[in-house]
């Protein structure tokens, strides 16, 4: 066994911050008390597990689920910089910041190398597992937008529907579920609000 | 690929409820706006991943993390009946209710058999993966109690410390981290409040 | 006066938990931060008081309101196991658990016998007061569903309307108010969301 | 039966606002997400019921509990103007405002006269039931302050302890419970924070 | 420099309460977790700044923004007595209470006289700056009602639209923005809910 | 008057997002439901106003308060990237991102040039007003940390005290208030929690 449980405990304390880190993308769409990053990370793992079953392909589930669970860990240091904000940062700056934060968090842990490799593969969608988790991350977002739309009537979430109508997923399984969400998304028909 | 993405989508909609299902055990201890079950499930998977690394044992990580992610899924139907309340129910009633709810949720899905087997193994701590996830579930609870204690000063959480002083974990890795939490738990010394 | 104010104080501390115990039925319908059990208990008492006035019948208001105030007290131990979950438990298990929890909470108090009798009468709708409080409990739920529907647009709450269209209340007063809620419930017409 | 269920329904819709009306006194003491008026009203009724049992005196429980349930109803119109703020208003202005709001809310209802009489008796502590509910209202506040103190460490709540050390309750039962709260309130000893 | 930083610090501690003082008007319209007074005060200052730019008139921006920032300061003592409740109070009672509370809060501070003059000018809309801030206060309310309407579907907020259709603003700039809000407010067409 | 009220309305809608944008720095310190950016911006303006009075120096209050109100406006696009995270980004990247977002938000508005100049002066602490607002921003943070410490017992906030013990403010007024906060910060003496 590893000689330093305190080092692992410090990592778990850091990771615990994700339970109180809200997903900023929702704030930008007027969702007042949205899910936190921890709940989204679980949702991503849950979706990934379903997509893996749907796909019928031979996937390394340990690798797949580790990616899903760890994929937003760096946000406990960097915060959840929303997708819309990335265009204002230098190219690659967000990914680099997350890589640096992760390096600091994992420094000295025996798992540092393998988890770093995992996260790099994920960011670059380097293998089938990474592509599936990437799809799961996005599908989880679309699903949550639909749930918020139906649970709160939030009109701004229609923009998520618009965006995903034009997006293509990497895997057939994710595409199939996304198509069903878009087909079942109710017409709630608020009129034009921009002049 | 599975012929019915709608069936999978219905499962994901059901699972999504865990994001707004609070962990009742905290309410009973005066934690007013506690974590939800989804965040705890992610925390359990995160702890399990760390414990697996610490243990150095050959574990099936796909099985391990699937268990962690799915272990409270039935609570989206049954709600989170708190541990303290189980003694008021007939023996085995809670486990049975969760098994029935899970059967209903998974009915007709190709993954039904394998996931049911997984959950039964978990409930009975039938293999090394199940024992580790069980430890992770309890360690995650102790860790969160410590975090709430330090973040809010909630005095009732001292009872969790008392309980875990006498508990033994199945794995050396979990025991080592728990020992460090108990050692670092600050003396906050509120006087006796029961007459 | 009773010789032991500490014993009564312990009961009040236990009861206080209802102020932070959310009503789980709302979580299952995507209401993110719903009312707590204490607020619902007050609402039930308020509705019961109105129904008693409407009915014009000679009712024991002390008995009536005591029932309303105490009717969910056991949930401070057992948590609010949602109605939808009861079918997964052995028949009678929820009522039995609540009776056991109540016995423990009231043990040694001079009011134990009379309050226990009250709660049993309520559960069995044994008299006119019990039947009215039962109606008040359900009417309060329908009223709150309507308020949440109008205040948040939550589409899932339409299922409550559907359920209550077929329900009959025991008292004419409750039926009359319920009929008005259903008549005034606006058509908000979201399309079909199940395939 | 009353010929107009719609009129009763409008009253219940108005009363429902108490479920989302926070108790302002807590905000002034830095309690960020405090209980609402509905939960406090239930707490007052619960305390009153216990005090009635403790007292052993012959009390009209229907009158007692109606007072507790209705005692803050006018706050659904007037809001909860905190005790500390009353000194800035003309003498009697708050009571008068609540009486006017109540008159408007109850106008045309058959219960208007009897409920108005009830509320006036309560405000003037005109009988044994009114005095007990008044004590219950204040004891519930002290109890909640103690719970918040223990659950959140909020240092400002010590001022409530100071205030109640000098207060006397009208009934021996309330005094006995208050004495136990003050005796069991832990010494948490933050130093002086005013220069 | 002023000889007594502690006195200023006490004022800032008092003012800080506005961060946890909810705007009561929203509660009366079923908005469960609305903005606090501090956020509204910032919004008012932001709107006032824009209106000043729009107007092109020579305004004293220091005076203008001081008014906006300070205009609800007394609510940290008095609480936010909602507009709908003012009709139940003696004429002028609310303004007088706020003036008294402010006098107490500022007592002994060198800024007491100038800030008191500022607040009195504001209440009486005595100059161009006061009229603009008054418009900003109301426009901010209309804007927030529209945002809540679109973000939560809350049907009760339609009454705000109705009210503002008949209101006239003192400044052309505020009127122009209000007209655009009303023009862009989507038709969401819930049917009649009063019998 | 400006010919395009819709353009101003769009800016106000964008700015409104600050009311639901939480201050991320608190999440990283386990403050679960912290203040939003709008409330902090008001607090900064309030502190700046007090410091200006304390200083006795001739300051342009219009410039001063405009800076305070606008200083975090870009966070409605970029989100609140916490101070601790800046070290992971390329030097200057955060400021540049905020400048770009602001340019986009203000594009086409007559105030664009003057507000951009204002924000640049603020970022570079180029004049007395900018230095005072910078101090106000930091003092407001220290004050809020102290309030959270006293209101919730959150132990992690001790690190803020440590940090500010070594910091120097640019203005004597800010330094004087900060010294009083540190002097009055109670000793709450949790033991060491790092091994």
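Just so it is clear, A, B, C, D, E and F label the chains in written order, and each chain counts residues from 1 on its own.
Note that in this section contacts are C-beta pairs under 8 Å (C-beta built on N, C-alpha and C of every residue); 3 or more make two chains touch, one makes a residue touch a chain.
From a predicted model like this one, the values you see are computed outputs, not experimental measurements.
Visitor: What chains touch subunit C and also subunit D?
Guide: Chains in contact with subunit C as well as subunit D: B, E.
Visitor: Suppose you hop from subunit B to any chain it touches, then on again the same way; how many hops at least until you reach subunit F?
Guide: Minimal hop count between subunit B and subunit F: 1.
Visitor: So which of E-F, A-E or B-F matches C-D, with over half of the contact pairs the same residue numbers?
Guide: Checked against C-D: the matching pair is E-F.
Visitor: Go through B-C and D-F and name the pair with more C-beta contacts between its chains.
Guide: Pair with the higher count of C-beta contacts: B-C.
Visitor: Same or different interface residues for subunit E and subunit F, judged by whether over half of the residue numbers are used by both?
Guide: Homomeric contact, same residues on both sides for the most part.
Visitor: Compute the distance, rounded to whole Å, between the mean C-alpha positions of subunit A and subunit B.
Guide: From the centre of subunit A to the centre of subunit B is 22 Å.
Visitor: Could you work out how far the Cα centre of subunit C sits from that of subunit F, in whole Å?
Guide: Their C-alpha centroids are separated by 46 Å.
Visitor: Quick one: report the Å distance separating subunit C from subunit E, using the average Cα coordinate of each chain.
Guide: Roughly 39 Å separates the two chain centres.
Visitor: What are the residues of subunit D that contact at least two other chains?
Guide: Expected reply: 6, 30-33, 147, 152-153, 180, 184, 194-195.
Visitor: Mind listing each pair of touching chains for me?
Guide: So the chains that touch one another pair up as A-B, A-C, A-E, A-F, B-C, B-D, B-F, C-D, C-E, D-E, D-F, E-F.
Visitor: Along subunit F, where are the residues that touch subunit A in the complex?
Guide: Answer in residue numbers: 6, 10, 17, 20-22, 24, 27-28, 30-32, 76-82, 84-85, 88-90, 93, 96-98, 100-101, 194-195.
Visitor: Please give the residue numbers of subunit F that touch subunit D in the complex, ascending.
Guide: For subunit F paired with subunit D, touching residues are 33, 147, 150-153, 180, 183-188.
Visitor: For subunit B, which residues are in contact with subunit D within the complex?
Guide: The contact residues of subunit B facing subunit D are 30-33, 152-156, 190-195.
Visitor: Note which residues of subunit B are touching subunit A in the complex, please.
Guide: Touch list, subunit B to subunit A: 1-2, 5-6, 8-9, 11-13, 15-16, 18-19, 35-36, 38-39, 41-43, 45-47, 49-50, 53-56, 60-66, 69-70, 109-111, 143-144, 147, 172-173, 176-177, 179-181, 184.
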